[in-house]
Structures are given as structure tokens and as C-alpha cells.
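Presented below are the structures under discussion, each in the form of C-alpha cells.
Below, subunit A partners subunit B and then partners subunit C, in two separate complexes.
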Partner chain A sequence: MTTAKNVTAASPARRELSMPPRWTLLLRRREILVTAVIVIVVAASTAAHPYFWASGNLAFIFADSVVITFLALGESFVMIGRGIDLSVGAIMGLSAIVVGFRIQNDGLPLLPAVLLGAAVGIVLGLGNALLVGVVRLPPIIATLGTLSVYSGLEFVVTNGNQVDTIPSSITNLGSDTVLPGIPVILLLTLPFVLVSAWVLRYTTFGRSVYAVGDDAEAAYRAGIAVQRVLFLTYVISGLFAGLGGVAFLIYTSGASSTTGINDNLTAIAAAIIGGTALTGGVGGALGALVGSVFLTVTLTALSFVHVSDVWQPAGVGVLVLLAVLYDSRSRAGGTRRRAKRQRQGGPR
Partner chain B sequence: MADHAGRAEPAVRREPGLRSVVGADYETRGVTKAFGDVTVLRDVTVHFYRGEIHSLIGENGAGKSTLVKVLAGMLPADQGELVLDGQRLPALTPRDAQRHGIYLVPQEPRLMPDLSVAENLYLGALPTWRLGTVSWRRMIDTTEELITSVGLRADPRLPAGRLSLAQQQLLECARALSHGCGTIFFDEPTSPLTARDAERLFELMWQMRDQGLTLGFISHRLDEIEAVSDRITVLRDGDVVARAERGTWTRENLVTAMIGRKLTITRRAERTAGPGAVMVDVEDLVSPPEVNGMSLRIRAGEIVGLAGLVGSGRTEFAETMFGIRHPASGTVTVNGRNITGASPRKCIDAGLIYLAEDRGRNGIFADVDIARNATSAIVGRLPKVAGSFVRPWKEQELAQLAALEMDVRASSIAAAMKTLSGGNQQKALLARWMLAKPRVAIFDEPTRGVDIGAKESIYSIIESLVASGLAALVISSELEELVRMCDRVYSVYEGRVTGELAGDAVTLEALGQLAVGA
Partner chain C sequence: MTTLALPRRWRVPAWGACLVLAIIAELVYFTLTTRQFAGHGTGMLDLTEQFAPTGVLALGLAMVILTGNIDLSCGANASLAAVIAGTVLAKGGGPGLAIVAAIAVSTLFGLFNGIIVAFVGIDSLLVTLATQFIVTSIATSVAGASPPFGFSSAFQLIGQGSVNDVPIALLIFLVIALAVIVTTGYTGLGRSLTLIGYSPRAALYSGIAIRGSLTAVFTLCGALSGLAGVLLAAYYNSAQPDIGTDLLLPAITVVILGGMDIFGGRGRIGEVVLAVFLLGFLSQGMLIEGDSSLSITMITGLVLIGALVIKFAFERNLRQRLNARMRRFRTLSRDPHGPEGHGS
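And then the complex of A and B:
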């Protein structure tokens, strides 16, 4: 055990171990990095095609990213806790369908619609929460199961119909802009992002999510109710997916039995790109927003340079791989993280 | 969320640091604990007094770690009770234990590496404002004070993973204090530390003791035990076999109590044939940080032992030989072939096998049947149809023969590995490795978690293999085992060979002296 490592370890109690200055840390934050990349992509696309900068197009891009932002927000809670929720797209779809039919058939106003969407999301999220937090299934298996169940339910609930007549009083929120390029729906989304960021950073629950994700056993030893924290993250994920369903209705003014089918992985992708690690303990709510905007901007930019839409899913995949690769390269103390992965296993 | 915020008490924080915390009188009464059919603690009664450092000593498997885990609520006791300041405690979780002021500092600090030092200190009871909002500023300010009081100087915002092991241990101590815990158990805290860091920890422990804290301490190093303890309890095979207060013990007493005077130590069998050609030649093998220049030779028909403390680098040395770890320098020659840095696959083909220490994690495929567990190291050499398709019946037959030879007792060869007892699992693993027809075998703790009957049969299996020309390296923390089996023993300390005993010089006393660093 006498090694270079330990020789340096012998002295440190005397040497001050300090952090680099704040501004350098800020620059290293993933949200800042991704934002910078977004600016570069926008600038390059505008140079290639001036219409890209038109306010209508920017508004479209931002509005387009809102649904994924909601999904990625919920997914961030789960992933920071070292879980994964594969069913967010299906929950979003079901919520859109259920709420959509109520609006279409019963003329449900906006505010009750939002509450209904949230309720649907919470109920479906509770399903995941029970399976993971109480039954203690591995999250990937539990949510793969509920993904099938929930997407199957989409067909049951639609029963061959679809939602296609949403009153313009509601859909206008998706197309109106306040300032040029800033859609109303984005402003409606921001409070959710900010509240999430606050919860994650400044509440005991939020800090517990990081602790559980970083090392569940250590968190258990520190007196954190690990299973209860995990339970809540899946409920929150469901809640945001339910809200995402309402956002989907506002933005697309319709919903069908296949709504959300491609969004499960896109949401995870957005969270990863925004800096949330699959290995837990790292990430944040702002990252979810930035990651979603980045994905939308980049994919739109691709279509501007005449890359066909069919390449989109592959494009998302490549971006995620790049983000994960960047993560594994840039993260300091790689050995310690490896150690952490080896001794995962959670509390008794 | 409401649940966390609702616990108002920790939000009102006392002055942080040593002074605000007191220890308790804490005792076990008749605690018994078994894992499966192995009893690890038998009717253990130990009393930890305020203002004392009370050490638990004993060989590996004596039950020291299990006892402190029971004390700290990590494991439930099967029988017996825990009594704190005269009050009987109900079943404990770690959380309850901390609420009662009881904390366990583990051998390997268990921190959340990506979270800040401050959060690692306070998690479970973060300082909050009235609305349940975490107060970062207050947390960072008090952290600074608290960690300084245990001699740790680091930025509270630093991720805890950046601290050295010694610093992480200090942080664990600070965490105990921050949770108001005055009854602290240390499970071999010094084994990963350098002597200097250990000394610093002792100073902190003395300071804590003088403040009236209750401290429990485990270590394998007798000189440490003698230096720090006010009271010593010796455990052997789950029983309390001796108690002593400061000034009433001698080194000899302690060693005798630990090892026990077993009247019948079976002597190793006389080998009929003398050792043959050199089968293993390791020259100055280095794989930092654990292996720091190991050299040894083993001849055919010889059993060579490695004695040393847990953490002395023996397992890491074996893993480096077997290609699981990458060697930085040095050479490994097996049967005349240089296999330095070769993958396990190539090592197996060269005739070297490694029976891993942690059977559950690195040995068995728990859900798979015995047959395929046995053939898993030689899948490439199984009889095949058309050169590529395994013939399941042949595979079973082969496994059956090997299992029979190794005396594996199971309902059938198709039984899942996890249904077997520890001893039978180990024999099935021996069957796996013998199917690979090795010339050289490393047995790492071959009888860990194995009952006595199976132990003897494992010894005789190894001996018969060696009699037919195998070169064996046995790593064991049980000195009796080394005395029982080995022709020669190397002692290992901090990744280096520090001594060698051969033939009749291999005795319990000699090994005992070597192993505790005397």
C-alpha cells in the first residue's frame, strides 16, 4: 500500500485542498458548454441559410423543443437518482389523448386540462414508482414493462379515433410569440424548469436524489430513505410527462394512438446531452432544457442543409454517443467512478 | 419531501465540533448472529464504556466486523440485545443508530464521490431554513469549522471523491460528530492508511476519548492495538475468548488467545516425491498501488503459501499474475513461457488458473447449473460437432466426472449453483479449474466461508493434485491453513515479499509473528 498515491496522501491534511476559482467552474458547466454549441450551430446555419434566423423559425424551434423539455425534466430527476424511465413518451402520449378527448368532446378549459394532464401523469408515474421503489424491480425492466403497457393503452383509449379539433384559444399558445422568436409556450415552460432546478439544489429531497444516485449504499448509511426518494423521482417523472402531454396538445393541436412513441429515447438523450449522467449523481434541470433545445436546433439545422428527416433518429443517436463519450473523457477522477460502479448494489 | 423537512430537530444545529458530543455506555448482551448455517457470533457480551477506546481483536472470520455492524444497526442480531445507557434498544437501522448517537466508520470510507465535502458531511440532516430550503452558506461555514476540528483542511465545496483515503476517513469522523454521534466504531480504519496517517487518526481518537466519547476499534496490527487501547476483547470463531484492561495484557497472551491452542493441528502430509522443476518464476512484479515488486518461485509438486494482512496486496498480486490487472513491470514465467500481462484466457491456455477469493462475485455463475459452471473455463476445448457446436451430453458427462472427482454433493449436476452450500460451490469451482488441466494453480482463500468438513476435503483435493505434479500457490489469512498445507510460505507486506519460511520452520508462532508485522 505504499505507493505514489499514498505518499501524496500522507501530507494532505496539512495542505489546503481548494477549489479552482468560481468562474472557471462556471465555464466548465455542461449547460454553458451546450449553450455555446447551440449559438455556434445557430450562427453557422444562419450563415448557410439566412431564413434560419427569422423570428418565425426560431419560435418554431423553441416551441418544438418544449415537449421534450418536459419529458427530459422528469427524466433528469430519475437519472440523477441513478434510475431510468423508458416510459415517459408513452405517459406523455396517454396524457395527450385523455386530455385531448376531454377538450374535444367536453370543451374542457385550459387550466382544468393542465390539472387533468398532471393527474394522469402522476397516476402513471405511480405505476413506475411502485415497481421500482416498492417492488424493487430494476428500473430498466420495470419501465420497459410499463412502456409496453402504456403504449398499448394508447390504442385502447383512442379506440380508432384521434384528437384533431382543439380550440384555437388553446392552440394559439403554441403559435403566439411574445417577443419575436420567443413563443408563449416557452415562457409557460420556464417556471417548471426553474422550480425543478430549485428543488434539486435547495431542498433536502433534491440533495437526497443526488446522494442516492451517487452511491445508494452510502446514502442509506447517511440516513436517507433511499427507496422513498427513488419512489418520488418516478412520480415526478410521470407528472412532468403528463404536463408534456398537455404541451403536446397545445403545440400540435392533436394526438393519436402513436403519440410519443419516439420520444422516450429522445428525452433520455436530451437529459444526457444536458449533462445528466447515466451513472447517477450528476446533472440538473437547466441541462434538460438546454439539451432539448440543442437537439431541436441541431436537427432543424440538418433539415436546413437538406438532410432528410429519415436521418433524424440516427442523428439523435450520434449526438448522444458524442455526449457520453465526452463525459467519459472529461470527467476527472475516473478511477473513483469506476470504483463506485463496481460497488453499486444499493442498500439492503 | 415533507418527511425530510418535517424533522425539525437537526435543523437547529448545536455548535459543531468535538465539544458538543458525548458518548454513551453501550453494550451487547448475549448477541448471536448466523449467516445461513455458519454462526459468526455466539452469545457475545461486550461493554463499551464512555471515555475509553475498546479494541476488538481476533483472526479473520472471528466476528469482529459482524459485531460492530450489529452495534451500528447495519445487521440485525438473531438473538440477544443491545443496551444503550441502560436502555434496551429495539431493532436498529443505520438511521436509528445515528439518532441514538451511534456511528460506524467503515474500513473503506463510503462517501458519495460526486457530492461536495459539505453535503457528504450533512446528508441525512441538512441544515435548512424554515421552508425546508437547504442553506448552502450555513452548511459550508459550519463544515469548515467541523472538518478543521478533526484535522481535515479542504474546501467544503470540493467533491469528496477528490480526497485521499486518509482524508475521507477523517471526513467520516467529522460526519459522525456532525450527526451528534458520540459512540463511534472504527472497523479496521488503519488498514488502508500509511503509518503517518494512522498516527494522525490515533491522535484524533485520543482527543475524542478525552472528550468523553465512546470508541470501538478494530485492527489487525497488534502494535497499534497495544498503543491505543484502554480495553481489549479477543474474539475467536464468534466467541469472546479473552478480555483485558490496559496494563493487564502481554503480546504473548493476546496472540495465544487469538490463535487459540488447537491441540490437533493436522500436520501437512509428507510429500513422497520431492519438488520438481521450477514451474512459476515471478521476477519483481509491479502493479501499483498494491503490488510493489513481488518475486517468487514455485516448483512442480510444491505448495507455497502467501501470508499477510488483509490489504497486503496478495490478491492483487494473484490478479496481476492472472492478467486481470495490468503489470507495470516485472515478468511472470509459467512452465517456461513468459505470460506477463497476458489475458486470463491466455493464462489458462498456458496452464495457469486462479481460484478467486470472492466466490460470489468473481467465481460462480449463481443461476446457472453446476455442469456449465464447471465447463465454463474450457468452453473452447469442449468436444464439438463440426468444430463449432457444443455437444451438451458430452459436456454434462465431462462435468459429471469432474464433479465426482471433486466430491461435489448436490441433488444433480443440473442444479443451479446458488442452491449449493459454500463448500460445495467451492468444490464445483475446483472442478471447473481442474478441467482446464492446469500446471500451476493459485488458490485464493480456498476455504473461506466453508464448513470444517468441506475444508478437509478441499485440503486433500489440493494435496492430491500437487502430488501429481501441480505447482500450487495458496493465499490464506488463516495461519493454520498455511501451516497445514504449505511446504514454503512467503510473507507479504505492502506488496513486497518480506520473508520466507520453509519446511519445519513453518509454524503458527513464526507465521503469527510475521503476519502482525512483529
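And then the complex of A and C:
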């Protein structure tokens, strides 16, 4: 144990001494590495099955990854701040149901629908934010509780009905393509990803999220309002989950009481694959996009080589394990121990 | 040394007392409002066999959480065990063989989790998140298009049978509970687990076999998940590949409701057992009253959040008063280990 620690402590210095070539530095950026792997997977699959490169299939892959992209985007904010939000799937489902019923029954146009979805997401995210940022419950428990509440609420709101008639003017967004292989819905998603990336990288708030996630104590001493930053990350996570609900409606043109039940962990998996660590302080918005596209591409490729759908979850699991194994930052120590140390020091 | 992280024996377990009061209150309430609930006294006992699997799962999880880790894969592991038991029975194996095979497989997956967490050093949340997906796939694949159902009555006895009106599932749960209480409270392994959860560094410096203990606790959790899966298959007389997956949330809820600290090092198994009964009777009572299972999920979540808010507010308050008193005695108030062990 001690020897292992010494090795990890010594390695940064060693890295400085011998500069690796430029391109390996580039590969250290997770987004670029994963993009490279995506290209390889796509190339290999196309070699095996030419239809993989068909514009219809590519459009399907991109459109399929949009919902998880939204969820992973919100999750990234939370995870960079060293939290976790287990309730994003339920928020997404609830938003899809609420918005879907309004579209179905009252003929709500697209823009108000998006705003309504965002509002639902923010309100539900506020629930998490209050529990974590104000009451200061551990995020994993707080969001586990809200997961139960929100998924129960999904059932109560649907009351045995389901959303199944969404006008084609809206669902067309999910199937239409601007260029061959690039669906409209992807173009609608990109601005959110880019704005998130900008917020995280270039605004005071974004830098504060990294600071809090890296070391909350140091952030506090540097004058960052730690609890306020954490509060906001959960609101943002809710907001993106709410938007994800609208994206879900557009893509699948329906929603039921179980929508999003299984997407919580997939969203976390996509964020992790995109380079956002549960240990906080690292990651980014682009990683969420790349991670979820990677998941969809790989799972589609698996089905192309006639691996049964049954094994798709296993594929996700193996990919998460590989991503984590590759990422030495998440080894030895980990969130929970550090969080514990922190909490022991702070007031409780 | 031994009292370092363990609660003092003579202190009244305030949380446990609250749980007992809550159980009595809800039993009285349901008995008064719903005629079927008490059912000549044996009704309540019969209800216990419905949540005994959750209880067994929660006991394994509680030990893992005691070390400051978590096992998200235990629910999926229970499903796999149920499916394996069902498949063995469907292929003509005896109940004994089915049970052994099921528990062996889930123990193996527990061991796998433990080895990765302890020896590779990856955070347990990530490892078990990944194995949860993998185990789910395996369970679905083994179950195939038509999952096995309709088992021999000897096998069903585990989940549905009773001895003098006491369900066998409840007896199994109580025996396991007793074993876990003894293991965590009165053995070297239990003390290691508590210390690892309380302070991994202290555990390291006091020469505790951290890796061995972690591997052991994940393996135990796997074995108990397997048992929970067998109980499930026997109770429902079928082995759907998602039969145990839904138990993960209730199990975590129960452990937290039982006062276990999610960061490890604090908590009593006895209170977790009480929480199993509290939540079990609550959900069964609501089911009998005619609520749907998903609105019960919602109530479960609300109960969890409410209980935690109360508990955290209570503890913070206590802590602050304690710190103020300590400051008066010019003791280090910031040192987390200082005021901890001495009580008020």
C-alpha cells in the first residue's frame, strides 16, 4: 500500500523530466481520445457492414444519443463539483410526461414546450439543490430519495395514461436531417453543449465548480460560496434533464410512467466515459456529448455484429470499467474517502 | 482501542428508539384502519415474508456501507441468483443444488467486486455501477425468452412456508440478522470494517488487512444477495431477470433509514433490522389499503428524506452544543476525533 502511494506521488515529477511527444499529450485529453476511438469503431463497423456508414444509420445514432447527452451534460456539472445526481432520469421522465400531455391535449407549440420542460426541470432540480446545498445531505442519499419521489410522481401524474400522439411537426425534428447523417435534433443540442462548455471553462461560476470539486475546503478559503455553487449545479442538472425530457418527446414521440427509469446510471456512465470523474474537479461539457455518442455508436456496432440486445447493458458496464481503469485519477482513494475526510473536518 | 469507533454500550440508542416508536405507531394505525392488516394476529407475520428478501439484501449492503463503500450491483446480483436457481430447478436439479448454485454464482460476483475495489483501488460506486450492468445482462441472457417458473413445493417452502405460523423467510432473515450483528459487533472482521469506514488512514496505520477485509465484505454481500434472490424466486414461484433489481433502492433506503452513515464507520445493524420492519410494514400496509406500488415508492423516498433531514439537523445541533462546551474547556473543538468518543 505504502509503496503504491510513493509511486503515484513520484510519477508527476518524472513526467516533467521526459516530455512525451505532442500527439500523446493530445490523447491525454479524454474528449479527443474518445473521439478517436469513435472513429475507429465506426471505421471497423463500416468495414464489416457497409450499411453502418449509411446516412440513415448515422442520423439514427446521433439522434439516439441526444437524450443521454442532455442528462450527461447536467450530470457533468454536478460531478465536476464532486456530487452525484441519481435523479436525472426521473426528472427527464417527469418533464417528458408533463410537457407531452400539454402538447397532446392543448396543442402546445414547440418553443413554449421547451420552456415548460426547462421550468419543470428547474423546479425538480431545486428539490435536489435544497437538500444538498441548504440541508447539506450527502448528495448520493438526497438524490436517491428524490429519485424515489420523482419516479413515484411520474406514476401519479400519468394516472394510468400515456403520451402517444405528438404532432408530426414536432416529431419531425427527431427524424429530419439537415445534411445526410446529421439530424436536426443534434443541431438543436449542440448550442447547449457549447454554452455549457463555455460556462464551465470561462466564467467565474464555471471555475468555481472545478475549484469546489477539487477541494471544497480550499475553495471555501479562497472565498468561493461553496454551498451556493453546489446549489446551482443541481439546478443546472435539473434544467438539462428537463430539456432532455423534451428531446425524448421529440425523438420517441411518446412518454409513459416508466420513462427514464433506467437512464440515471447510463447518464453517469456517459459522463464518466467522457472524462468527468466522480472524484470531482475534472471533466467538461464536451465529454458528455462525446461520451454519449460513443456509448450509442458502440452499442449500435454491437447489434451490427449480431450481439443480442440483452448484452447492451453489459457493454455499458464493460465500457465504464475500461474508462475507469484507463483513468488513474479515479484510483486509490476515490470520492467517498475524500468526501469523508472533508466532512469530518467541517461542521456537521 | 476497541471502543474507538463503536458506540458506547450503555447509551440509549436514540435512533433505534425512534424507529421502534414509529413501527408501533404504524402497526396500530394500519390495524385500526385496515381490517385485513392484523388478520387474527398472523396476518402481520405473513406480511413479513414479502419484505424478508429486501431485509437480507439490506444486511449485506449494510456491511459494505459500514466500510464507507457501496454495492449498487446487489439488486442485479439477487436477480441473477434467482434466475440461476430457477434454471437449475427447471433443468431437473434438486432444491439444494439450486440454492447452492445460485448463492455460489452471486458470491463469485461479490468476490469480483471486492477484488477490483480492494486490489485495483477503484471507487466502489464505479465498480459496482459497471458490474450492475454486466450482471443484469447475464441474468437476462440466462433467463432467456421464457424465464423459468412453477418450482417444486419443497423449494417454494423457503419463501412461502411457515413453522407454527412464523414464516420461514422471516426466520432466515432473523438468523442472518443475528449473524451479521455478531460479525460486525463482536469479531475482529467487524471491528476492521468499522475502522476502515471510520478512517481508512487510521485502519492502514494500525495494520488492519484493509484489502482482505474489503474483499471479504463484498463477497459476503454477494452471498447475501444470492440468498435474497433465492428467497425471491421461492416467494414469487418464478424467476424474472429483473426480480431483484427493484430491491436495490428499498435496500439502500432501509440501510440509511437504519441510521447507517453513508460514509461509513457509524451505524448499528440492529437499527437497520428495525428499519427493515418499519419500511416493510409501511409499504405492505399501504398496498393493502389499495395504494399502487409506485406511489409507495414515492412515500418511501419522502420518508427517507424526512428522516434524514431530522437526523442531520439533530446531529448537527448536538455537535454544535458539544463543540461549544468543549471550547469552554479549551479543548480542540475543530479536531473531529476529540469530542467524538467522549459523549456529552
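Keep in mind that, in the parts below, the second predicted complex is superposed on the first by the 301 of 348 C-alpha atoms of A that agree within 3 Å, B and C clash if a C-alpha of one lies under 4 Å from a C-alpha of the other, contacts with A are read in each partner's own complex, and residues count from 1 in each chain.
Keep in mind that, in the parts below, a contact is a pair of C-beta atoms (placed from the backbone, for glycine too) under 8 Å apart; a residue touches a chain by one contact, two chains touch by 3 or more.
Being a predicted model, the structure only gives us computed values, none of them experimental.
Trainee: Between subunit B (first) and subunit C (second), which does A:Gly281 come into contact with in this model arrangement: first, second, both, or neither?
Mentor: A:Gly281 contacts subunit B only, not subunit C.
Trainee: Is A:Phe192 in contact with subunit B, with subunit C, with both, or with neither (first, second, both, neither)?
Mentor: neither
Trainee: Tell me the contact category for A:Tyr234 with respect to subunit B and subunit C: first, second, both or neither.
Mentor: After superposing on A, A:Tyr234 lies clear of both subunit B and subunit C.
Trainee: For A:Ile141, decide between first (touching subunit B), second (touching subunit C), both and neither.
Mentor: Only subunit C is touched by A:Ile141; subunit B is not.
Trainee: Is A:Phe70 contacted by the first partner subunit B, the second partner subunit C, both or neither?
Mentor: It touches nothing on subunit B or subunit C.
Trainee: In the superposed model, does subunit B or subunit C contact more residues of subunit A?
Mentor: C
Trainee: On the A-aligned overlay, A:Leu321 touches which partner chain: subunit B = first, subunit C = second, or both, or neither?
Mentor: second
Trainee: Which holds for A:Phe62: it touches subunit B only (first), subunit C only (second), both, or neither?
Mentor: Neither partner.
Trainee: Applying the document's definition of touch, where does A:Asp215 land relative to subunit B and subunit C: first, second, both, or neither?
Mentor: Once the two structures are laid over each other on A, A:Asp215 reaches subunit B alone.
Trainee: Touch test for A:Ala225: subunit B only (first), subunit C only (second), both, or neither?
Mentor: In the superposition, A:Ala225 contacts subunit B only.
Trainee: In the superposed arrangement, what residues of subunit A touch both subunit B and subunit C?
Mentor: 1, 4, 332-333, 336-337, 340
Trainee: Which residues of subunit A touch subunit C in the complex?
Mentor: Subunit A residues touching subunit C: 1, 4, 84, 131, 135-138, 140-142, 144-156, 257, 265, 268-269, 272, 278-279, 308, 310-318, 320-321, 324-325, 330-337, 339-340, 343-345, 347-348.
Trainee: Along subunit B, where are the residues that touch subunit A in the complex?
Mentor: 1, 3-5, 74, 94-95, 98-99, 110-115, 119-120, 123-126, 128, 132-134, 136, 151-155, 157-159, 161-167, 170, 175, 179, 192, 194, 196-197, 200, 288-290, 292, 311-313, 494-495
Trainee: Report the residues of subunit A in contact with subunit B in the complex, numbered from low to high.
Mentor: 1-10, 12-19, 201-208, 210-211, 214-215, 217-225, 228, 232, 281-282, 332-333, 336-337, 340
Trainee: Give every residue of subunit C touching subunit A within the complex, in rising order.
Mentor: Residues in contact with subunit A: 68-70, 72, 116, 120-127, 129-134, 136-138, 140-141, 199-200, 204, 210-211, 249, 252-253, 256, 262-265, 292, 294-302, 304-305, 308-309, 312-313, 315-316, 319-320, 334, 336.
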